[in-house]
Amino acid sequence: MHDITVDFLKEEDYACDIMIEGLPGVGQVGKLVAEHLIEELGAEKIADIHSIFFPPQVLLSETGVAYLPSNEIYRYEGENHSIMFLVGDFQSTSSEGHYLLTDTYLEIAEKLGVKRIYTLGGYGVGHLIEDIRVLAAVNDEKLKEEVENAGGIFTANEPGGGILGASGLLLGMGARRDIEGICLMGETSGYLVDPKSSNCVLSILSKLIGIDVDATKLQERAEEMESFVERIKESEKSTSEEELSYIG
Amino acid sequence: MHDITVDFLKEEDYACDIMIEGLPGVGQVGKLVAEHLIEELGAEKIADIHSIFFPPQVLLSETGVAYLPSNEIYRYEGENHSIMFLVGDFQSTSSEGHYLLTDTYLEIAEKLGVKRIYTLGGYGVGHLIEDIRVLAAVNDEKLKEEVENAGGIFTANEPGGGILGASGLLLGMGARRDIEGICLMGETSGYLVDPKSSNCVLSILSKLIGIDVDATKLQERAEEMESFVERIKESEKSTSEEELSYIG
Amino acid sequence: MHDITVDFLKEEDYACDIMIEGLPGVGQVGKLVAEHLIEELGAEKIADIHSIFFPPQVLLSETGVAYLPSNEIYRYEGENHSIMFLVGDFQSTSSEGHYLLTDTYLEIAEKLGVKRIYTLGGYGVGHLIEDIRVLAAVNDEKLKEEVENAGGIFTANEPGGGILGASGLLLGMGARRDIEGICLMGETSGYLVDPKSSNCVLSILSKLIGIDVDATKLQERAEEMESFVERIKESEKSTSEEELSYIG
Amino acid sequence: MHDITVDFLKEEDYACDIMIEGLPGVGQVGKLVAEHLIEELGAEKIADIHSIFFPPQVLLSETGVAYLPSNEIYRYEGENHSIMFLVGDFQSTSSEGHYLLTDTYLEIAEKLGVKRIYTLGGYGVGHLIEDIRVLAAVNDEKLKEEVENAGGIFTANEPGGGILGASGLLLGMGARRDIEGICLMGETSGYLVDPKSSNCVLSILSKLIGIDVDATKLQERAEEMESFVERIKESEKSTSEEELSYIG
């Protein structure tokens, strides 16, 4: 068994010039945006990624069918752009896994010809907020003006600790492969799934990629997600008990 | 030394069409059921599995003989079915280990010709309960009806966080090898070994595999287990102290 | 760099029939006994073991000279027995490391011709005690009588959680190499270095190996050790701070 | 992808006789000294080190440009000495990583011909102090006199727990490659970045390497660093939330 397995669903030579990452993170802000775009644009799933770095469990569909956690690659063929989407159930459970998974994502992106990566996430401020800013980071100075014109905000000291997980590493490790990287982070409390923050990120992303999408469904998706998070909380109780009994 | 070692006790070509997993977990519900079946059916041990992913310790028999923690494969040759049982002392201490061990279990199952896996566990609800439901999950929609007819319950949002450890991964990773997977989880408080929950799981499993077994000994085994758990609690104190002294 | 490195100090074919392990553990009971024997018998150091599984630090001699943590093999050539001692600064920081280090210890033991291993440790009871029992475990039923005659006590449910670290794994993994294993655990509070408990273990071990040694120095060594432990406690404060600053 | 990657910026045969390590640690004492020397001496960057053992994130420049965490090698060609500096953003997140990274640092040092390593750090005492001592450790007895003459203090029991991370391992693992090692630790509270302690370390180091540098900028650098630490604290909140959502 390999630490990371990538399965393409078809034998095809896909091409994409843009990659959009929306893996789970603070407030599920990035996940909501990417999943919304996939749904609205009717992007097609082209690959599954499984890894021993994901939590050792299965997830359950509404109908009780268990499936292995995965990250997924979707593809949308548009007029101006062909977009590769990276979404999924989890990020890595270990530090090393984050690096190795991101390296795999970038190998796929390079193979498909991606020239620019947009990574989407939330920026947890620890309290509820009214006016949501979308903080931005780039992996090349020359990208700033374009992002600022679209409404992304650069500040001298936020987020101070840097950007964690795939959203950050795709920029840092992408630069080493000469792939442009832009990270958009919607401010969010960090305590709840935050569709409002996702909407702010979506509007700026739309300007940047020049694709306009209907945002009404995003609100619905967010409500589903909220109940999902409630169920997660439930299960975390039983998890800790189970782990106890392993040791015992 | 290999990360995982499988030792077959005899040079034989075993065949099994069904696998039943009952490794330690919430309330030891699955473990009790599988061990009870092994005893009642007189299943024969055919293989030992040792791994660096198990806790770094030995266990002691009642007579003070130390033995390395292991997972064990038992086999029962019945009229309708030949069954492979997976039981043992521990599950993995690491996330990655869970995946790698489960992959090994599935390699053995495939080698023996297993077409369907039943994984047994407990579903911790965090409080004592009167009417125990047996929640079910499958790795293929088409298995649901059969399980529901036997009394397994599918709900839209339990267990919300998915199924952890081998009981879950055997379904998810089994599907990738085209092996049918059914998980039965007896509701339990999660605080105590729960033979009552095990009995509920056993009755549904018996219907599914068409084998009827006497359940009286299950109660006895449970009481033994209860005292065992008490001893575990004792030792966990000294464990944490020992670990401290390693660091010091 | 190898995960584990063994350096023999001389090019020699050493032979030993007995191995005695006294690595750090609860109350440093085993460590004190083994180090006392090495000193009293004038055992000679024959090998150094370094590993990435030890804590990532150096230790300091009284004179301020830093040295890499190591496990050490000493050898004593007696009339009846030639003994291999395993002592050292630390045990593994990871579960997997415990298995891999123990495997290395056993490879050395097998190479030197060891037929029997004595592992020494403390059994933490969580409170101060007057009459110290020495609990015992073996990896082969046939060894019990000999150990009981020497004063080792076997009980049905102590230590309930098994034996942790090298003292346990040497028995369990040794059995798989057909090496006899006996573990002696002196009762101790678990809060302090416990020379009194070490004396009890020493007296039983002496009977078993048929070697009588003066025990007066053991008390002195224990006092040194006590101040050492105080210094450890000091440093653990700064450790946690340093680790914080790594993350920060 | 390799666990550790070293990229030299030019194809050149660099030579250095001295290495100075100032990676992050208690009070950033060593980091401040090394960075100050690099600035004052105009040392030139010659290599980048990236690793999966660093935290899985990117850091952000004041202008919002993301960069992958790295350790860096700088070089200064002086009259008496050619110095290799090791500085960087983080140390390893895992025990094993500390050993493997230090082994890489030493391979580079050996390749450049380094004969002596100075490692710089802080010694956390847990309270604010007036008269800062600079504690010292060496990896060879014969180095003590020279260090004492320069003002380094050797005590019988400080730091009691040894020296953690690269500052310690470079001494211990360096000795195995016959490279002299001297560690200078400025006393510090351990709660704050401590330029005052760095100044004490710098003055002793200057004597030892026979290079005098202006210390005025060190104070300025320290103030920048203080605000940096504040930002780190901010981000640590959001980190823990993000990690939660990974598990969820």
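Letters A, B, C and D mark the chains in the order given here, with residues in each chain numbered from 1 onward.
The working rule: contacts are C-beta pairs under 8 Å (C-beta built on N, C-alpha and C of every residue); 3 or more make two chains touch, one makes a residue touch a chain.
To keep track of the chains, here are their UniProt names: A, B, C, D = Proteasome assembly chaperone family protein.
In this text the structure is predicted, and so the values were computed from the model without any measurement.
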Over half shared numbers or under half: where do the identical copies chain B and chain C land at their interface, same or different? different
How far is the middle of chain B from the middle of chain D, if each middle is the mean of its Cα atoms, in Å? 49
Cα centroid separation, chain C vs chain D, in Å, comes to 35
Where chain A touches two or more other chains, by residue: 55, 93, 161, 232, 236
Every chain pair meeting the touch definition is listed as A-B, A-D, B-C, C-D
Per the touch rule above, chain C residues touching chain B in the complex are 24-28, 55, 90-93, 95-100, 102-103, 123-126, 136-141, 144, 154-165, 168-169, 171-173, 175-176, 181, 183, 190-191, 229, 232-233, 236
The chain A residues in contact with chain B across the complex are 1, 3, 50, 52-60, 62-69, 93-94, 227-228, 230-232, 234-239, 241-243, 245-248
